[in-house]
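Just below sit the structures, each encoded as structure tokens.
Both complexes shown next keep chain A, but they swap its partner, so chain B is in the first and chain C is in the second.
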Partner chain A sequence: MIEALLPVPTFLVSLSGVMNWSVGFFTTIAILGIVTLGLNIQWGYTGVFNFGIAAFLMVGAYTSALLTLPPAGDFQSYQLGLQLPVVVGWLGGAAAGAVLAFLIGMPTLRLRGDFLAIATIGMAAILRTVANTSEGLVNRARGLNGIPRFMGDYVEPSDYRWVLLATCVVALALVYLLVRAVTQSPWGRVLRAIRDNEATAQAAGKATVPYRMQSFVLGGAIMGFAGALWAHRVGTIAPDSFSDLFGTFFIWTMLIVGGSGNHLGAVVGTLVVGFFWFGTPLIQEDLPKALGTQVFVLRQFAIGLLVVAFILWLPKGLVPEQAPVSRFAPTAHRSALDRLRARLGGGESAA
Partner chain B sequence: MHGGAVADDPILVVDRLEKRFGGNRAVDGASFSVQRGSITGLIGPNGAGKTTCFYMIVGLVQADQGRVLIDDLDVSHQPMHRGRVTFAGRDITGQPSHRIFRHGLVRTFQIPQELGRMTVIENLMLVPAGQTGERLWEPLLRPWRVRAEEQANAERAHEVLRQMTQDHLALEPAANLSGGQRKLLELARALMATPKMILLDEPSAGVNPTLAQRLVDDILGIRRDTGVTFLVIGHDMDVIARLSDHVVVMAAGQVLTQGTPDEVLSNTEVQEAYLGGQVR
Partner chain C sequence: MTEFAQLLVVGVVVGSIVGLGAMGLTLAFGILKFANFAHGDMMTLGMFLAYAVYTRLDGTAMGPFSVGLAMVPAMLIAMAGVGLVAASVDQTVYRRLRRRGSASITMAIASLGVAIMVRAVIQLIWGPTPVRYATGINVAWTLPFGLRMRPDQVLIVIAMFALAVGLYLLLFKTRLGKAMRATSDNPALADISGIDTERIRAATWMIAGALIAVAGVMFGVQSQLKFDAGFEFLLPMFAAVILGGVGNPWGALAGGMVVGISQEVSTLWIPTGYKTAVPFVLLTVMLIVRPRGLFGPKG
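Entry: the complex of A and B
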């Protein structure tokens, strides 16, 4: 009945089509959500301008791959190949992200924000070039293949996507809880103070550079971890998979749309922009022919418009930041009030 | 106990300070002292050099000549360093603001610098130094301890707000405050630090007479309750006279005169500087 009235998008015709697409989609979103949470610590909380997210994803992915792959065989040339468990690879990826952040942050975090932005853009370009051209390092432009899967030996290949989805969603949940726990605290309050007014933070006795470094390194570690998850998910990585558009700009869009400065916004933004981006193929067949062939170019254009629109009309994003920072503050506030009232009551009667 | 005349016990000594900007002698051999527990006003017309003096005291500008001694027991034994600032005998020249803060020297801003996207109470809870929860891992490892400290800080913040009868604003985002309330928040933030000395930069700038009187009352009340020392920079003679035990008048980079508000107000040179325009 309804079908006769409304044109039903082709992809909805089969349930298994929807299912297939959704599993892949949510796995991707979970990984990208982790990256966005990392950026939210750096930019959303601290105002540290990282425009080289791709570099952090890349070192995380390559580190984890090199730690878990077997030694290089014929026609391959890469370092390590230690065949360590995948979990060790993930931790290695996070550590590599943290080290990269520390190295970039050392010379630049004392300077104005734009210097850091330039340094991070440069770092992404340098890493791609080095990976592409250095013989014997990471197999150059051919990339690394056959990166082992987490628990891949214990699960039927046809069911593996469910394991992957569960793993990535659990990882996202854990990272979400972690960043929430550390930022909704006096530490997060100092970060926000630095972001909003560095002079005030200093006048309140806070040494701002170490805090910016901590935030940058924590964000870097989270991005490195996400890069590692990505490597084991796709199984094949090459330097050009970590483009500035996908690796950096895309993540910024997600944070801007979702609303920076709160973690829920970061995840919501990932979901919305992700749906916008990865959903395009779903409607492609239903679009007029002239538009259908151009749709992948148009979506890049549309993403750019989306950023502009949000910055102009909804700068706080879909989920605006909340004023209270520390999760301890509201209860502390209430009990402080109660105690003061009790004391004042006593004082007045004594007077 | 803290009001009125104070014995000679300076917490701050400014000794023959000089600062040039190009050919302009912004501060030209200024000397004065601030007695412990007093409210000292530093006043002068525009361009008198009072703000440069203020910046040299808090370390934002380095002096060319002279010295600033903060909390030194024996002033005479301190060597005459060129443009150095010492705190209890230690050289703190050029230290960043957060270190100066840790020495118990707190400044406010002429234009209030509140953290607009935070609640008023968290603007204040930010201030206490050395909070356990300010270390990245502590909210994870020792949440109970962080919670206890947060409670103590919230209590202190409420006390400070109550002193200024602003406690109803505790949960309001600071961006929603009026101009006057922001001025009070600026003062409240300085108080949260339990400082030795508060340096107020033009507290009555851009404030209507009613609020200015309110600020004067609050500052006097705070001094009475806590005994903290104030150095107040201003150009509004009326406010400074009502507030201060001791007034230092600057003009053209030098100390023109100093004394009690009455002495200073009756000084013909001061009247000239304020009413007759240029001095000399």
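Entry: the complex of A and C
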């Protein structure tokens, strides 16, 4: 789903080429950053193991598309087509993500973490199967086309990418503020307590399963919203765009590289892994031919390697989680950069 | 009725492949204590290793089968190869995490990283285009009651039985098997009883790798080899493992049969496109009703 969006790298030589590429790149990063923040709520804060991110992106994207598209025309068959405003579609996408999280969470959140992982990866597979197979639901493998753009009628097509970039960056900022607010609240402290030691949290009188569910649903809603943003950005979605590799594993890599358990880490990870991934095509032409053709597979290999390497040697990621103490305590005043320096200087030991 | 019986036969064949893989997956799950998401891609590695060897040997078909005797050494090399790869990954990745006392979830994430790497390597070496062990058609035998079964499919079911018996003998008639069962039940107790649990873990990876390699080869014999073919089996295998109860190889084998048969027979009532969703539905029902598995211990 990710590949489609970036301009062909040959234009890069010129300044306007750099500009073109950057606008597309940062728009992508903003949307993926929102997804990573959603995963950070689930995994980073609560330890809920979601391997089916693709499923949440998919329901968000499809719900929003079906709410905003016109009714199905000739040679198409899909439900709804209500022609509602795009903003309603976004909200619908978020709601769909939340509902999906609730439905998956009901039977599985009480179980051990790896069972939840299996259930969520299975949900992504089943949704792809249904979308591909079910006649008259979402136009099957042909996908949905011509998904309307947010404010697309008011802006010149040539300037639209700026509107898009601004929209996505504002959305990322809003989601960032939202997750920061909720995780700094007492509710967020309970989540971390559950993640670190569920038995202790229970002993302290917290019903941990409802908290896990709330966190899973909030993360699901954020992912659904990001999926909706994505759908209106690309204009065309098909079931196979939401693969496990790009829809799920890519996001995990971003969170692990950035550092799970803090929001800045999630965004930094998205930027770093995203630049690595989308930047690879830029250097492809300068590589020897044999390497050039294999570069996309090598890049995939490197993504797997990044995850394993970070888990082994830098388990806290580039921006380690801040110790959850009072913000008036001395260490809390250190900036993320300070902590990064301390880490590179060999300050903190890996847990 | 014939239609049902025919689907049942196909279901047993699919179930054999799923069950073979699930036996290894559940052994590793029970002894290593984490869900190994790289198991599906190890299956792909097995089928391609056998392909590499088989195509270098004299590949004439034997009797009614589509592959020849050269598949025997090819499969043995694939079994050893996948076992070695799995054991070396354990040495370089999972062992460090174990020593550090990492959560099983961390290892599961690492295993997904390993899965992506293995798949990329397979794509690098063998390319993205599907290949086959042998060309030509495998003429089906007609069994009593008008059932039809291809010789290759008979081979698959026989391989499943042979390996299940072999695994039984290994687990219950050898010291290694006894030590493996002890490690699975209680690793700490096994450790202080003088069992070298690290050696047991290495042996477990070798065995799980060998089993999944056979599953890969058996799948390859009746289908085409593609770099993501094994990953498609990951969910059915997990469904079989959970149906049978984690750590129970016979449960996994039975679970594999349930998955394979229900998947095929379901096409009597639902469109064929949905059949891949059937194992997952089974899995979900199982997680709600009886998460310890069909044959799991009480409580």
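As a working rule, the second predicted complex is superposed on the first by the 312 of 351 C-alpha atoms of A that agree within 3 Å, B and C clash if a C-alpha of one lies under 4 Å from a C-alpha of the other, contacts with A are read in each partner's own complex, and residues count from 1 in each chain.
FYI, a residue touches a chain if its C-beta (ideal position, glycine included) is under 8 Å from a C-beta of that chain, and two chains touch if they have at least 3 such contacts.
Only a predicted model underlies this, so the values are computations on that prediction, with no experimental measurement involved.
**Student:** Given the touch rule stated above, what does A:Leu144 touch, chain B (first), chain C (second), both, or neither?
**Tutor:** A:Leu144 contacts neither chain B nor chain C.
**Student:** Is A:Pro186 touching the first partner chain B, the second partner chain C, both, or neither of them?
**Tutor:** Only chain B; A:Pro186 stays clear of chain C.
**Student:** Should A:Ala171 be classified as contacting the first partner (chain B), the second (chain C), both, or neither?
**Tutor:** Neither chain B nor chain C is touched by A:Ala171.
**Student:** Let me test your reading of the model: by the given contact rule, A:Leu312 touches which partner, first (chain B), second (chain C), both or neither?
**Tutor:** A:Leu312 contacts chain C only, not chain B.
**Student:** After lining up the shared chain so the two structures overlap, which partner does A:Phe49 touch, if you call chain B first and chain C second: first, second, both or neither?
**Tutor:** In the superposed model, A:Phe49 contacts chain C only, not chain B.
**Student:** Once the structures are superposed on A, label A:Ala98 by its partner contacts, choosing first (chain B), second (chain C), both or neither.
**Tutor:** neither
**Student:** In the complex formed with chain C, which residues of chain A make contact?
**Tutor:** My answer: residues 47, 49, 51, 107-108, 111, 113-115, 117-119, 121-123, 125-126, 129-130, 132-133, 244-245, 249, 252-253, 256, 294, 297-298, 300-301, 303-308, 311-312, 315.
**Student:** What does chain A use to touch chain B in their complex?
**Tutor:** Spelled out, the residues of chain A in touch with chain B are 178, 181-182, 184-187, 189-190, 192-193, 196-197, 199-208, 214, 218, 261, 321, 323-326, 328-329, 331-333, 335-337, 339-340.
**Student:** Spell out the part of chain C that touches chain A in their complex, as residue ranges.
**Tutor:** 34-35, 37, 93, 96-97, 102-106, 108-110, 112-117, 119-121, 123-124, 231, 234-235, 238-239, 242, 271, 273-274, 276-277, 280-281, 283-284, 287-288, 291
**Student:** Could you list, by residue number, the parts of chain B that touch chain A in their complex?
**Tutor:** Of all residues in chain B, those touching chain A are 96-98, 101-102, 106-107, 109, 113-119, 121-122, 125-127, 129, 131-140, 143, 146-147, 149-151, 153-155, 157-159, 162, 170-171, 173, 189, 193.
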